[in-house]
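Two complexes follow with chain A in common, the first pairing it with chain B and the second with chain C.
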Partner chain A sequence: MNRAQKIARFNLIVILIALTLSAIAVSVFYFVVDLPIRGAFGGFGFMGITGLMGLSPLLYKKERGKVSFDERDELINYRAVLVAYSVFWLVFTAACMIPWSIIGPSGSISVNVLPIMLFGIGITLMLVHSLVILVQYGRRGKDGEK
Partner chain B sequence: MNKTQKGAWFNLVGTLLCFALGIYIVVEVFILRRLPEGFGRFWGLLAFWLVTGIAIIFIRKKQSPSEVDSDERDNFIKKRSVLASFVSVWILLFASSIIPRFIVGPDGSIPVWILPIINLGVFLIVMLVYSAAILVQYGWSSKGEKS
Partner chain C sequence: MAKSNLSNQIRRLRFENGQITQQQLADKVGVTRQTIIAIESGKYAPSLPLAFKIARNFGVPIETVFQYEAEDS
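Right, the complex of A and B next:
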């Protein structure tokens, strides 16, 4: 398994853990503690775990004297970026149009929703990017992926 | 001028036309509060048909019958332009989520119809960046760009 795969795998695990813990926390706050839905959304605080993704380049450092990124890796990364970019437009357009169609054209939303939207789109992109990298490499470390 | 450059010029002109039309509609309908009359109703449509018609002829016309659609250099230029537009998306998205907060305050709210406008605005600016990045890499002119 090469460096790009290790980073992608790490990011994927971090995002999935954050999403799972958030979902559990929101469910517990809403169904067990009986908090109103607005308060239960505080469970999304677990999404802060995704900040650990910033550590992935430090955890998987480039090894001296070894080629860690060749033309094939570059192509795989570019394809993953393209897929993530395509998904971005779908998610971004949905995030802009869905509130408009639910609330109606004369409604209004809190200005705090915009950074949350940005964060959600960012996490989705990281998830897609990591997933596409792993799928392209074959998910396993065999066949010369050292 | 090769096919990639022609496509970039078409995108650039189309995007600028969209901006012009958007500004015209905002000024006429929302600021002056009057609906366009006569030719004013149709100039946007006519301009789009004109640009599209010219682009179809312009892009389809090859420099020579042996001209290939794109080579490795063109692909490399497109690749870098996509990455430039991807970076610009994040800058724009970050700006569009922070600027309203400074304008209306942290407890304020914005009309929901702004969201589709942000979507369209980001798309148009990204297309502008993509086209400009292609043209900058080719050097803006048609000099020496033969296949």
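Right, the complex of A and C next:
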């Protein structure tokens, strides 16, 4: 497993842990603690765990004097970025159009939605990017010894 | 639509040139061992500069290392 794979795997694990804990927290706050839905959304505070992704380049440092990223890795990364941004546009379009279609043209939403949307987009990008990197390396053989 | 097929003789050439390992070849041409594995197994088509580097490393023309066959489907 190379450095790019390790970083992608680490980021994916961090995002999945954050999403799982957030979902559990929101469910507990809403169904067990009986908080109103707005209060229950406080459970999304667990998404702060995603900040750990910033540690991945430090945890998996480049080895000196050894090639760790070449043209194939560059191509895989390029494709992953392309897919991630394509998914981002789909999510972004849905995030803009669904509230509009539900609330209607004369409705209004809180401006708090904007930073949440931005955060959601960031997480979506990282999630898809990491997933596509792992899928591409996996699909292109197990890189087994010969 | 034309379907491309790139085959190569890297594995054979490695053994004919002092049984160099994939890692040694990778170090010589400046890529990772995973890339050499992917090229050898036909899962990745290298760029032209890399293909030339590999061929020059073995001291043979590029056509000796890589063969291209186009099939019309």
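Simple rule for what comes next: the second predicted complex is superposed on the first by the 139 of 146 C-alpha atoms of A that agree within 3 Å, B and C clash if a C-alpha of one lies under 4 Å from a C-alpha of the other, contacts with A are read in each partner's own complex, and residues count from 1 in each chain.
Note that contacts are C-beta pairs under 8 Å (C-beta built on N, C-alpha and C of every residue); 3 or more make two chains touch, one makes a residue touch a chain.
In this text, all values refer to a predicted model and were calculated from it rather than measured experimentally.
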item: Touching partner for A:Phe41 - first (chain B), second (chain C), both, neither; value: neither
item: Touching partner for A:Ile109 - first (chain B), second (chain C), both, neither; value: first
item: Touching partner for A:Met117 - first (chain B), second (chain C), both, neither; value: first
item: Partner chain in contact with A:Tyr30 - chain B first, chain C second, else both or neither; value: neither
item: More chain A residues in contact - chain B or chain C; value: B
item: First, second, both or neither for A:Arg72, with chain B first and chain C second; value: second
item: Which superposed partner A:Thr93 touches (first chain B, second chain C, both, neither); value: first
item: First, second, both or neither for A:Asn2, with chain B first and chain C second; value: second
item: Chain B residues touching chain A - in the complex, by the definition given at the top; value: 79, 82-83, 86, 89, 93-94, 96-98, 100-101, 104-113, 115-116, 118-119, 122-123
item: Residue numbers on chain C that touch chain A, as the complex places them; value: 11, 22, 26-27, 30-35, 37-38, 40-41, 43-44, 46-47, 50
item: Chain A residues within the chain B interface of the complex; value: 78, 81-82, 85, 88-89, 92-93, 95-97, 99-100, 103-112, 114-115, 117-118, 121
item: Chain A to chain C touching residues, read off their complex; value: 2, 67-73, 137, 140-141, 143-144, 146
